[in-house]
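Some structures to go through are shown next.
Next come two complexes built around chain A: one with chain B, the other with chain C.
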Partner chain A sequence: MRDTSRPVPFLASARAVFGLSLEGMLWSRRSLVLGAFLAIPVLIAIVYRLVLVARMPAEITGLHLYGYLVALFWVRNALPLAALFYATALIADEVEGRTLTYLITRPVRRSAILAGKFAAYLVTTLCLALPAAVVTFFVLATSRGVSVAASVPDLFRDLGVLALTLLVYGALFALMGVLMKRPLLPGLLFLFVWEMAANLPGYVPRFTITAWLRSLVTHRPAGRGVSELFGQVLPADLGLAVLTALTALFLWLAIWIFSSREYVLDQ
Partner chain B sequence: MKRSRLVVIAALSVVGLGLALALGALVLDPARAAVGPLPAEGLVLPADTRFVMGLDVRRFVQSPFYAKFASQGGRPQAFAELEQKTGFNPERDVDQVLIAGRPDKGREGGVVIVRGRFDRYKLSQAIESAGKRVTTKKHEGNPLYLFNEGLKGASAVAFLGHDDDLLVMGSQAAVEAAVTSHFQGGTPLKQNTALVSLLERVKPGSTFWMVGDQSLLAQMPTTMPAPGGGSGGGQIQLPALKALMVTGELDPVVSVDVTGDATDAAAATQLADIVRGFIALATLQAAQKPELKTLQNAVSVTTEQSSVRLSARVPYEVLEALQPKKSAGVTPAPAPAR
Partner chain C sequence: MSEVPAAAAAPAMPIEFVRASRWYGPVIALNDVTTTLPPGVTGLLGPNGAGKSTFLKLAAGQLAPSQGEVRILGRPAWGSPEVFHRVGLCPEPDAFWEGLNGMQFLTGLLRLTGYDDAECERRALQALETVALVDAKDRKIGGYSKGMRQRIKIAQAIAHEPEVLLLDEPVSGLDPVNRRRVIDLIKRLGREGRTVVVSSHILYEIEALTRRVLLIHNGRVLAEGDVREIRDLLDEHPHTVALRAKSPRLVARALVDQPHVLSMTFGADGEWLTVQTAKPDELYGALHEPAIAAGVTEMYSPDEDLESVFRYLVAR
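Coming up: the complex of A and B.
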């Protein structure tokens, strides 16, 4: 018989929250829309192979296009947006739907609630993003002028970077979600204003997340103008350490704030 | 089963299958390398090698570059004669060529390994009947064909192994060392940790590639005139490079990646700026040569810590436009009437 004076163990409660959240997250209209959005590169790849390959400049091979899609579409834009829409809603949806009370009055640690929801977010977004990346790779890497075997290490690395992108942005936006009532707009401002600092000279890019992420991918789409002039490649090993530390910090802060904050729901 | 679990299983299946296919392609690739792009037989190269070059002959011959070269009458007549004598056609029967050497030793330090399909008997006959200065000796039970034995610049040829697919050529000492390493299972090149670390940075699968240390660039100038310097003006000190890596493809465009390791990040930045300056100067000529404008978009220079990387993607049309036009033939003056 369980000691009811103590909360349910962390892992058990996180697992329960994970299962419940995953069902709600993965099989939803939001997932359908974001899944279609993240799969746009698959469509681009198919169109390239069937139609565009004869019309595009010859210097853009299938692998170049794949590199552009990874660096510019997924890492820079699509995955951060997916993280924004999912991670900010982890707690904000419960607050808005006024179901948070029912959740936090259960004998379940708040840290377990957030951990379970975050894990569900991660699984959801990985299930949407990684298959699209793999399919896009094979559609483009089997095109003329590309060696599949030589490109395979890029695929492994890229999948790792895509997962890290979802992890670090998810942690950040989960933190914003527990801090703010309406985190969507500040999140968009962060993505499309602050993160642009990655193209500035000097040490400024080190204060953005995207500069560290793009230093981990081997694809370097040739920039034009300012971005080419000041395009920096930061040390990859340092980038990995910084991103891991940022993820841990954001998650810890999110859990700490959620655990200690009093939520007063609007009547 | 819950719908979410179905979706997760489906996603995992796609990713798992993709990764399995990718691993399979990597493992089963016929040109799979031992170190970077270097195939296993390349490990018999001498430990004091300073540069290594590789050429995927099959891809080279199938490229538009070679098609243009052959169509312009560039195909050596010797190929036809060789095929007639030995049944060996380099364009058809050679898969890969490795060239290694030491710039300071010239031809003495050079060795070439060729992988392909050879008719050992016919080739041996052709070599033995090549001239009076061809001698044969056994080395590790393997016949070694020597040219000008005992004289300066003596060279040798040997089949590397019992299969008729590997040929090694070069100085007698280098060929003997390669044959010895091959039959004794030695891998002397692995002792050259600097070169091996350079090779590991080169992506395998390129049509041609080259790595070398600073001895490769020993003949290059270390200074260049500063702009506006005049005859007695200043000089710009070119940053020294510690190592150089080149990879290239010829299909569908000519693409070359050159990576140079400078001494530090500041030197790399300086070198990158110098190269960008050259590109900018070239594009200023675009008024006279519009095709140079395309070149500006085709070349990019980036730095990564202490490395400088120059990437060029040049379509064949641009290369043809950049070639000097042949001047029109001058009609000879008519001979005076008698």
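Coming up: the complex of A and C.
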């Protein structure tokens, strides 16, 4: 029975928006480019297996390289960038394409519109990132000196961290997308200037997202050099709680702003 | 499919504007508009930039009034998503999710109106049939012609059989056959008791649809009522006719004694004559024979653009 005295229930309308958005998001030029970008570690892993593995010191295993790729490539750079390009565009693309009208003149709450589009973003980016991470893991983990079976639980944990990275940065950039007209530059500044504070000593890293994400990464690179950046590791439990809270806060703010804002679409 | 009707309330006009104004920064798009639109077809007439789209956006709850009140089906248009169970909007921009086909576009939007999959499919097919697009239902909208895109936009507005329909320039870009089809559809919806608001900047388009019009210019409602009354007003509007002839002086000689002729001007090339009249019908009647004798080859009325008509009405 359809109750016309109320908006369509949240889940049903979010699912409908998800259905409308997913295909356009998944089969887009943006996905093609970012899919290739997110799969770079697969290429690195193959090169390592074919060429580099014999030349590396015995104590540096494929899992070490995998750890670097998870922490430095995906968590620190690639996935936040993917989140920036997708999540800032969740509503902006609809405004620019002037298709938002079709969504906001339906009996649905705007919160459901944003939730549906955010879910489509998450599924799209997970579809691009997770297979690349799994392939990279198996290519590297089956090299010498690594027990694959023992490492598989860590793989699942890593996949969880990747998903959380997309979730928390996606929520932040969705907020920036509804708040600003041109969120890309501020987003880049946030990622590559503000987030560098995660490498500072003392209490400051707690004000970055990346420091909390780092606390959850299992395969932290060993040794010196770049790994020194990981010198300060925050408690993982607290990290999970903080990141969950930040995601919820950013999403709530994004929904609140989107719900109260007018969109004057140029003709 | 059974439906739970909205809570019973005192009957309200489908669309009500009470001293509603809307401005964008320092620009006033709609200024102190008070009007009610009853069931049936109402034409929203005004030149480009008059405030028609702002009027429709306020009615469709896309914008909040800066001042005053806009109600649709008895509820505030802004911030009442539930009202869109009963409202359909055909926006003016030619904008779509180009990768979807016609069927996906309609069923996707119907799902947002709360129907189950089977009902979405049934209603989508019905709407596609109404706008003669069933054959193109599996083609991507990106490959549709301008007229097909206009029709699929109308289809999404009517697919959930709304009580109130807001149509922004709905016949723009349609060929004569589909224009007729859409005009007939709008008239039928009006006869069924739905409230249909159609905006246009072309007077004859509105005349083909309805006799009830709302004239908007510079964000103000200039007049509302029967389109014939507007016509009467326009009949007093000095009307200009320009004609090209081998011997324009023959035409001028035949018209010079006509009391309704206000002025005549010859063009520099000696072929054009511009006549200003207070009574266009009498002018056209008086022109018939001299036009043949003078060998008139071209004739047009530069007054046909609404802008000049509205300037005249504003000045009255």
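In this section, the second predicted complex is superposed on the first by the 249 of 267 C-alpha atoms of A that agree within 3 Å, B and C clash if a C-alpha of one lies under 4 Å from a C-alpha of the other, contacts with A are read in each partner's own complex, and residues count from 1 in each chain.
Methods note: a contact is a pair of C-beta atoms (placed from the backbone, for glycine too) under 8 Å apart; a residue touches a chain by one contact, two chains touch by 3 or more.
It should be emphasised that the depicted structure is a prediction, and the values quoted were computed from it without experimental measurement.
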Clash or fit, chain B versus chain C on superposed chain A: fit
Partner chain in contact with A:Pro201 - chain B first, chain C second, else both or neither: neither
Chain B versus chain C as contact partner of A:Glu23, first or second or both or neither: both
Touched partner set for A:Ala150, first chain B, second chain C, both or neither: first
First, second, both or neither for A:Glu262, with chain B first and chain C second: second
Superposed model, angle subtended at chain A by chain C and chain B (C-alpha, nearest 10 degrees): 170
Touched partner set for A:Ile104, first chain B, second chain C, both or neither: second
Which of chain B and chain C A:Pro7 touches, first, second, both or neither: second
Touching partner for A:Gly160 - first (chain B), second (chain C), both, neither: neither
Superposition-derived minimum Cα distance between chain C and chain B (Å): 10
Footprint overlap on chain A, comparing chain B with chain C: 23, 27
Sites on chain C touched by chain A in the complex: 1-7, 24, 53, 57, 60-64, 81-87, 89, 91-93, 95-97, 99-100, 108-109, 111-115, 156
Chain A residues touching chain C - in the complex, by the definition given at the top: 1-9, 12-13, 15-17, 19-20, 23-24, 27, 97-99, 101-110, 262-265, 267
Residues of chain B touching chain A in the complex: 2-4, 7-8, 10-12, 14-15, 18-19, 21-23, 25-26, 29, 31-32, 203-206, 249, 251-253, 255, 297-298, 300, 302-305, 311, 313-316
Chain B-facing residues of chain A, complex: 22-23, 25-27, 57-59, 61, 123, 126-128, 130-131, 134-135, 137-138, 144-145, 147-153, 155-156, 159, 220, 222-223, 228, 231, 233, 235
